[in-house]
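First up is the structure itself, then whatever we jot down about it.
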Amino acid sequence: MYRWAQDLWPICRSLTGEGVRITLNYIQNLLPELVIHDVPTGTKAFDWEVPLEWNITDAYIADEFNTRIIDFQKNNLHIVGYSIPVDKWMYLEELEQYLFSLPQYPDAIPYVTSYYKKRWGFCLSQQQRKQLTNQNYHVVINSSLKHGVLNYGELIIPGRSKQEIFLSTYICHPSMANNELSGPVVTTALAQWLEGLGNLRYTYRIIFIPETIGSIVYLSRHLSTLKKNCIAGFVITCVGDDRAYSYMPSRHGHTLADRAAKHVLKYHTANYDTYSFLERGSDERQYCSPGVDLPVCSIMRSKYGEYPEYHTSLDDLKLVTSEGLQGGFDVLSKALMLIENNAYYKTKCLCEPQLGKRGLYPTLSQKRDKDIYDMMNILAYADGEKDLIEIAEITKQNALDCLPIIEKLIHAGLLEEIKY
Amino acid sequence: MYRWAQDLWPICRSLTGEGVRITLNYIQNLLPELVIHDVPTGTKAFDWEVPLEWNITDAYIADEFNTRIIDFQKNNLHIVGYSIPVDKWMYLEELEQYLFSLPQYPDAIPYVTSYYKKRWGFCLSQQQRKQLTNQNYHVVINSSLKHGVLNYGELIIPGRSKQEIFLSTYICHPSMANNELSGPVVTTALAQWLEGLGNLRYTYRIIFIPETIGSIVYLSRHLSTLKKNCIAGFVITCVGDDRAYSYMPSRHGHTLADRAAKHVLKYHTANYDTYSFLERGSDERQYCSPGVDLPVCSIMRSKYGEYPEYHTSLDDLKLVTSEGLQGGFDVLSKALMLIENNAYYKTKCLCEPQLGKRGLYPTLSQKRDKDIYDMMNILAYADGEKDLIEIAEITKQNALDCLPIIEKLIHAGLLEEIKY
Amino acid sequence: MYRWAQDLWPICRSLTGEGVRITLNYIQNLLPELVIHDVPTGTKAFDWEVPLEWNITDAYIADEFNTRIIDFQKNNLHIVGYSIPVDKWMYLEELEQYLFSLPQYPDAIPYVTSYYKKRWGFCLSQQQRKQLTNQNYHVVINSSLKHGVLNYGELIIPGRSKQEIFLSTYICHPSMANNELSGPVVTTALAQWLEGLGNLRYTYRIIFIPETIGSIVYLSRHLSTLKKNCIAGFVITCVGDDRAYSYMPSRHGHTLADRAAKHVLKYHTANYDTYSFLERGSDERQYCSPGVDLPVCSIMRSKYGEYPEYHTSLDDLKLVTSEGLQGGFDVLSKALMLIENNAYYKTKCLCEPQLGKRGLYPTLSQKRDKDIYDMMNILAYADGEKDLIEIAEITKQNALDCLPIIEKLIHAGLLEEIKY
């Protein structure tokens, strides 16, 4: 995963344009079943429409000696996203209104966009800004805003059931790592892992989209299918650093995705940060909006907006680590495994079964160990009205650890899966 | 309000009699639409019946030199309410059984009544009592208990809907201020304010009654209407001092009145005292009784029974202040405004609307301020299944502050009121 | 009760056999209506079947001089329950595998059984074990395992209603006192007390069974009746020491038995230990299993598994006391009384009744005492939708103390029982 992140790092991505296509092609190379879709500029999607396609080849601020002071080639964050083309000379005083920096983080280039209002601008560190002098600067942005397409990638991994698990990540951020190369690379790894597992109960719908407009466009095309089939989903974002685990609930916080996320996080890590839906900021804004109401939440490492490097050039490949990405992968794959195996179980006999005669219980009446109690507790709560997650929560066990016990009990004819 | 309280202060009120009528006439002067009703002695009302009308012109204890030691003309609390007429000479030893004082509050004349058993008695401060000597006293009460009427005032302010908000206060207490001149004067001010607002959604039913027997009589005449139309109500009592805010729930504590009261109090004051219905003591005893079950609670300043001056001569116009009354008015008028404007709202488009193109959202992706989040949160939770109070509670906003935002969103075509 | 415990102490009880019959006969002497049932070996009961009947007359380990080192005649715990017959000479080295002791409790003989696997063994204190030397020992167990019967006792005390309260205790433990002579003796005392009360609302079904197999056999014969008629039940176990009170909930913890147990315990003792159903260990394992789901919980003194003497020879008649047994009896009889009298009540008039005219309320308006408030609170919450336990919980009263008040209110025509 870390190597993929390194490969994708230098590409200048935005809502639309060549950078998105290069990124999607790279992922398609890893996931050959990925379908890349084109949605033309101007296409309506609920209250929105697909914007012009933006491309950029070069941009800089040069001094009177033609030396580039600020150079898009060095860092694509230097340009306000969706900047219109410019080629002008102007004195610092006039230029100031087009410059964005963060006084409180003097080394950081901020990430700024202006998708829906025509504008141009440069982002630079406060350090760089201080060194500008009152001279005439040459400001050049070689960009284009034209009728074109919005691209997204979609991968369907079919399962035995039409019911779906939905994974959504976004590929519209330029060179930043936790937010957001981590999302696409972890999602790619999850997709490969799911394809490798085979014989899946659920169908997996995995999309790589530009944030906001991408999810809105996708929902405008697939809402009825998703509302009918989607039983759980995750927005996969900020899953690459190794400092924290975070949970962002769905709008009401009670969906299967939420229950699985909280259960898995509890056993995966000693502590994790629970946020409120009031602190949302990614595509759950759309997936959980009134009338859409998909069962979608997020499991993250350090959450967007909550770490100092967020939306700056400091969110880089030193912040994101192999371990961080692996942790993101692990907890999400556990959540998927849990949902994949979650079901309603029922003990098949009345009263406790006689486990001793099946070799499942000690024949001598002495202290039993925890394994025995865990098994007895599954039998005691498997009443056909509780799913595995609830049984595990009540009996204070890791639901994933229950799976081999359940298999053993089913094999012994003592338990049955009655529905999922 | 304070001036009204001063005017009403000296009147000797009780369940019935001239003092009540003078008080109601004074209020009718301020609220010309007020209708004053007469209910004859002996009228049945559920388990009760209207008692004899009580009037009193003079009363005193005089010493052997005819000097008035205890004088009803100086303080109408000196007489046990509903005292029968007396004109006797008796030595202190015999007199003692007719005297009531409070050893723990030596300066306070207690407030004592005996509505339903024929009795007489004098109330005096412990200081005064200590000065009585073992001599022959002349005890005179010029009172009458006759077939007459019970009076109450009723004001209906019609609204667009037949659904009603109910306000009940009581006018049966002699010269005491927080409990209970504050209730009638704040209720009068609220009624004037509501009349001034005009174009009200709800009809307001406002009554000025004697406590207990008055509410029972009123319910016996209007229960079916109230049960059908009343959506929320408040017993207005103890709203005049400036030491505390208090909340007394309805019997189960979950009515619209309760929800509005708690929401308004939370934003109106840094902290307020929440009591249990077990600590009830006013007309919610009737309004919330089994089978009546009106959605009625109380918002108070210092609650009856909970402040040292309660039911004594120390509950006077020094304890009640202009600021205290204004605070009572403010919090109750906010609660009424909130109920008046409470409704179920629904966001009209799927997914977030594009606020930028409507000038409701910054076009540049930088830190948004709280106003933007508040608006987004209203849109996110306006799913047609939550009323304004619930939306405001979830999104941690003052519901009254949401009203201009909601108006703006409705005007922009993004939100609709679907029911109230 | 303590004398009965002394009488029953020396008998060697197990799942089956002569010891159980002697015990049941002793109880039948105290409860002549008790019916003793025989269930033949091999009878199927759900996943189980009745085991062979076990009897034992003598057992010992003797040294080379024929001196009994370990002697069943001195303590019946010395023998692993259901030991097969043995008569062998063996050196200590070989004998070791048949010996059970507790290093952490050097004076205690542990209680060990092997009901469902043919085995033999001796239990002894760690002290005794240390004194064994490497010599040839004569090991003798005069026991028999034969087709026979499983016995249990059943007592039905008829009430006015077919609805039943179910009491279950077990008579399969050899010489141990809290667990488990206390259960049978307290249950016997409860049965005598119930018979003495007469005119019971509910029918009482009281059984004395061997644990686990006994409750499974009993359920296999009476499940449909119990599911139809049983409104509450208690497993009566560990009710004899005077150190603690404990509560073991039913599987979901919300039955009438649970509600009564918790209410009674709260007022009976300053604090009691609440356990989780995950810590269950007696016949609630069967009564609360999925599909059985009887409303059964336990009120105990020191809970099985939670006191150091548990399942050893130290659980003796010094640990169990007259006071301990009486406390167990008292709290259980209170719970039964509460359930017997629990009902839904409704205040018969709208608004508060006028209590003064009935002599139930002071006629002078001064501080009322708690009794008056308690009565008013019952009237305020008796809305026909809450039973006595709920009314008492809400109004913070001991439900048993409400009974005389309720009787007075019913007599005054102010309250009615509408259902139970």
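Going by the order they are written in, the chains are A, B and C; count residues from 1 in each one.
We adopt the following convention: contacts are C-beta pairs under 8 Å (C-beta built on N, C-alpha and C of every residue); 3 or more make two chains touch, one makes a residue touch a chain.
What you see is a predicted model, and the numbers here were worked out from it, not measured in a lab.
Interface chain A/chain C: under half of the residue numbers present appear on both copies, so the contact uses mostly different residues. Overlaying the C-alpha trace of chain B on that of chain C calls for a turn of 120°, given as a multiple of 5.
In whole angstrom, the spacing between the mean C-alpha positions of chain A and chain C is 55. Taken residue by residue, chain C touches two or more other chains at no position, since every residue touches fewer. By the touch rule above, chain C contacts chain B in their complex via residues 346-347, 349-354, 356-357, 363-366, 373, 376-377, 379-384, 395-396.
Of all residues in chain B, those touching chain C in their complex are 45-48, 80-81, 100, 111-117, 119, 212, 215-216, 219-220, 223, 251, 277-278, 280, 285-286, 288-293.
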